[in-house]
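Just passing along the structure, written as structure tokens.
Letters A, B, C, D, E and F mark the chains as written, and numbering starts fresh at 1 in each.
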């Protein structure tokens, strides 16, 4: 079972301006080969299909808890995409009458890379890559064999780190850069965690691969705040009461990677504080939430009061 | 952000025997056109892309909370698939040495419909339909327009109900039938909720379409227990503190559908009690969790103790 | 623009029994590599994209008119699929109350090859192949170059003939065999027509390739009736007034292929007589048209009267 | 069976200039989620798979006749795409020798969004979306259940209207805008028709949803001419003799939607007058119809004479 | 550049009988997630895209040479598939006249899992999985980063070994089992080679993961012959003169894995002896090579003589 | 079995500058409809699935040998793509420390057409088309029927020639133009060869179709060198000893096409000289081969010495 909290795992700064191609680049981190849909899909189905859960509790708990974190990563990237495509929230969008739509007000959308994202999705996020090609089952590995699955996951987090770095290198807007910075720190945690899990089983010190690519997080300014907080040493259970057994793998005397600020690894019950979710103020002339939404706003206002 | 709880939304009875074709049929409810991946994907991305959240809070909360429930539906069907493909849990699987694999011990898997599910996934669930074809972005609608999205969702829940009924009609095993029974009740709740949301906005009494297809839930024995509990009148927030505003839509004097046991609709904070998750005892000769997993079990046992 | 006539191009005998795997085999002729969706898609888009139509009128007319015939082929195969999956029409389907659905009345559908066709489509036809994999744009060639397009079409009809023969060899039911017999004759006409078109342009006697595969139509009993009628010598304009100019290619002194009954080729204005469309009587327990459709039948009956 | 008429359903003005990105945007209305391939595919297969046709004649006729209209919509959008990609017809294209191709005459095609459309298709239309991703079976719903199918269709037409509006907002060229204007009016008719069909069966006044998005057609200048003609009140049978029974649903005292010019709904036998199809004059240096096509034109001219 | 030799890498015993479902199971090793198309595609594109080849010669040579071996694996599995689908070679197939095709001679093909393989491909191999779903670009990783690519490759070979084992467990026919036995030995070599390559760069002893799954090759009777030959200690350059530099990684004092027969690793110039390719005698009634191929055989015989 | 030689079939000039959109255009010749992956895939699987090889040796040899050449074409286009995306080789890439990645050094990659090619593949080639859509099994025809397969291949080479011409017309950079020039000559050879093979079997002089499109190779400056060498008259066996029997088809008195430099056709044992492969010097700030690769270069240097 899953619960939801109306916050993002990290606070995202508002975008400076609408930049649909930047939003499309960020889509690579959502629906691309190594995107968050892929990490989520892998761990989610591995946790559903996990064999002999009781006998392998610490490993099961690790995969199950990271699944919950990945849901928040999908959410974070999706919010980043929608914010970049939409631009900064403005109080009232276009005029109450929806604006005059007959003069090609969105002519520039004709030339963006992921035109379908505007035409069909009004700039919202979708599980596609930076070219609008869909994520699908081919990105999931769930073999039922613990070593193969964990090894796959370790490689996946290394590959994802590489792609996060490249997307970061294309972005100037603070919204997208913050998404990358946060995910780089958390992805390093996951890579480290899978390395430790495999080391426990096989004795092979996979953590020596890290960081791959071999650039320390400290070189990315947007990572600094999270390193200062010690985010790189923490795994959250993302659960009210479960998954604590992963402390046998993450913790238990293990410490931070050599390039990162030192300290012991620790499992934190629950979830990080996180940040607020953007409004994504609608644009009536793009029919979001509709062309003349005032009446709808009024109805919602009454329903809101009735719910209190 | 999302949290996870190590239980299923409903208790599933153990399967009588391994039945890979039944598991494959159930896959239609996971990765098929109207499967749970589709309902999840639609509501999840709609909630991420939702415009003017503050002004439309009750509608946003409704979509956001149902998203969390759908995650549990994906989990429930996935567990059902893996249980049906694996058969009943037996204490020790095959012998500690993994069994002799040289005499085609899985010859019968050569003739099942979704052979890839065994060969690549050891009978685990994947986001594919009953023929092994992948779920993908084409099954998602997230237009940014509230009325179009809600109307799509209403139609989706009606279609999903139809397909749940058809899958149910092919299954004799209690595991799969329970999955269908539970989902039929919860799917009816979602259809009803979207109908009410649209009625609030448009004044059109879409709830009169229900039930579609026009067969009352009471004709399905596996639904009875959930009707008796009043599940058909409850929407859970699936959140510690958020999404209560949907009570302006679900509740607020609204009552159960005419064919169902009467009573007021109510929003419940949090989540249902749910049931335990099956062990899915590994089968070493199928390399789950590995061919000779004893050492791994010992390691896990030590790590478990260290985590306490 | 297109018009529709409520008849099939050929009369299909009723199936002996429901045979979902035979229906699935026939799907190869609908959505498979060389299926009717492919021939339709190729000629339709070629005709839409045709360059310098006035200067190349006979060639344009040929492609445009065959497009219209292919629409009827898609319809014919689709009807064959639905008939085979549904079985013979029976006057009343299951009882008015829809039958008891709680005893797995469709258990045998769990084991059919294209399970999704029943679960999602109630046995209807869809643009997929015999394994349930979708037809798509990759099956279309529309290059804007007349010689390449016509050469592609000639090869396509030869390939399609091969696949029709193989599907025919798997079927015992008269419905599917009639579909194959009719399409074999018409496909031969199209192959012949494209060969003649290319011969006019290049001087190469491509018609000498025919028949490919090199088996005369007279060896297939189901083709005999159509050969006797002279169907192999006729191209229909499938239009009230247009496309007659293809007579410069088909006709104009050209004669039937050597293996077929002799005679001149002729363009026929309009369309063949065709045959009636099956009722596909609904099965309420499969929710077609619904679980308890009596009221719907009454409403339809009143609306029907109002329309007269 | 289908017939073809060598005209478009609406007259399209010539484009001002070649604009491949505008052509690509228009592709969203052809092969995108809610494009004309989707409406066509849905209604076509629903009509082929329709159960108990005789008992549900008015509903069958409605779906069957709209299928024929949708074929013309696919044709109309396809022509618009090819015209925008090709630019205005010029009498002789490049010189008879095909032009010198060695100086990168199409260098600018290197940077267009849908480059494959030029490289493989010479700017012709294909069943893909605005990013070149293929339409496929996942866009089709044909459940065999009348209420679910009609509800789906109603939602589909609302979604299609939304996307037509957004594509319209990106276009400045008269060709593409005319396509959108015409389709907006006709799409409104179809949404209205499905709403009425469902109202007849369920009593729910779905027509109150219209227009969705809630912008009247009168705000789109390109729609005005069609509203003046009364196109919004007409459904054509698109058949010489069949499908008249839909008058029980469309007509029978029903009137135009409140925002549109008033009047009774009426079924028209046959088809609208329509407009002529563009020549799409070939460009030899792009090998359309070929590099040095003069000989081919001469041959065609002789064959044309022979056909008269 | 690539050269071809008209032999298989291993001699395959003739199948006992035609078994299309066994052929389809073997397809998982061709076009499935971890099939030979995937290993080929990964290494081939990695070798094409390899950065700074001169400076990283031993690593480049390793990937480039294994690419050539994988081509032979694709060939080997493909031959296995076609042999299993076709059955044992018989001298003359059906009678010279092609046999009577009118009595459903291939009726049993109606019920096989991968029906499209017969209907479209006459039982030949295709790059699809055991359910007929296509291999595609999503199975390829080529990041340009050596560590990520090599780590991916190491995981890929472990996963492929798992799937080879499962396919092996479903097969009784000697042809398919031999394919699996040979590939298991060669896959182990590749996994070992990538482990060594990564150990050279990172110092991490990844070879301790092997064998994964942890079953020694000696438990598979079909592997014994290849172990006896020392195949597990050999990497071939598969080149007349190039790629010898991989001896810095494979060789250079490294020895066989602990579970396998002991000895030093060695790079062998060129290729193994291999075995002959099956005739795949045609079946005229299935139109392979055609319905009445005698004339074609005569022509070929004359051309053969002319070529000598 | 296949062997590999560390050279390209033709020498490619260095690119003038990095041009990702030109690289993407060239991708159409790799993974597009008529790209080299398609020609390779068709001939490779046809050769694996070839029936009655001994009796049809000259035809089998032709398809088998051309397969080997196509592997080199895939390699050639891939190298061209990577060179165009990467730009000219520079001795040391960015500084040894990898450069500062925090100032969006790849901002311009945000706006390229195939953004995924940079973000996931660092500008390497992949089996996708110019829009990043994957090549797949739908592009393969392998029917088991010799005439259909050869006819398909003939059409494929004509279509491929058309697309090579169009890609050529968009490129100004010498690298991409050389790729096109070389492939145009070799593609003409293949079209000619398949025409001759079919003429031998059927007597139809398909070679009269050539060249299609009807522009002589002499009009393309980049082809001239290859014509001068006589490349248009040569088929290579691409084998140490096999496939010589195709001389019964290519040779045996046959001569060059009328538009090309005259002379007899000849089969050449082995392969052309070819040209060297570009270094593709890594860019550390793009993590190719890594961020600070010096240590890796040193390790490789030692391993290289150890291999000598």
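Basically, contacts are C-beta pairs under 8 Å (C-beta built on N, C-alpha and C of every residue); 3 or more make two chains touch, one makes a residue touch a chain.
Just so it is clear, the model here is predicted, and its values are computed rather than measured.
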Intersection of contact partners for chain A and chain F: D, E
Chain whose average C-alpha position is farthest from chain D's own: E
Most widely separated chain from chain F, with each centre as the mean of CA atoms: B
Between chain D and chain F, centroid-to-centroid distance (C-alpha), Å: 39
Length of the line joining the C-alpha centres of chain D and chain E, rounded to whole Å: 48
Distance from the mean Cα position of chain D to that of chain C, given in whole angstrom: 23
Sites on chain C at which at least two other chains make contact: 33, 113, 120, 122, 131, 133-134, 136, 138, 143, 145, 147, 162-163, 213-214, 286-287, 290
Touch-based graph of the chains, sorted into line, ring, star, complete or other: other
Chain-to-chain touches, reported pairwise for every pair that qualifies: A-B, A-D, A-E, A-F, B-C, B-D, B-E, C-D, C-E, C-F, D-F, E-F
Sites on chain D touched by chain B in the complex: 33, 136, 138-139, 141, 143, 145, 147-148, 151-152, 154-155, 158-159, 162-163, 198, 202-206, 208-209, 212-214
Interface residues, chain F side, partner chain D - complex: 21-22, 24-25, 28, 32-34, 113, 129-131, 133, 162-163, 165-172, 213-215, 219-221
Complex contacts: residues of chain A adjacent to chain B: 1-9, 31, 41, 44-45, 48-59, 64-65, 67-68, 71-72, 74-75, 78-79, 82, 93, 120-128, 134-138, 140, 142-147, 200-201, 238-249, 251-252, 267, 270-272, 274, 277, 279-283, 286-290, 293, 296-297, 299-308
Of chain F, residues touching chain A in the complex: 98, 100-102, 104-107, 109-111, 113-116, 118-120, 122, 131-134, 285-287, 290-292
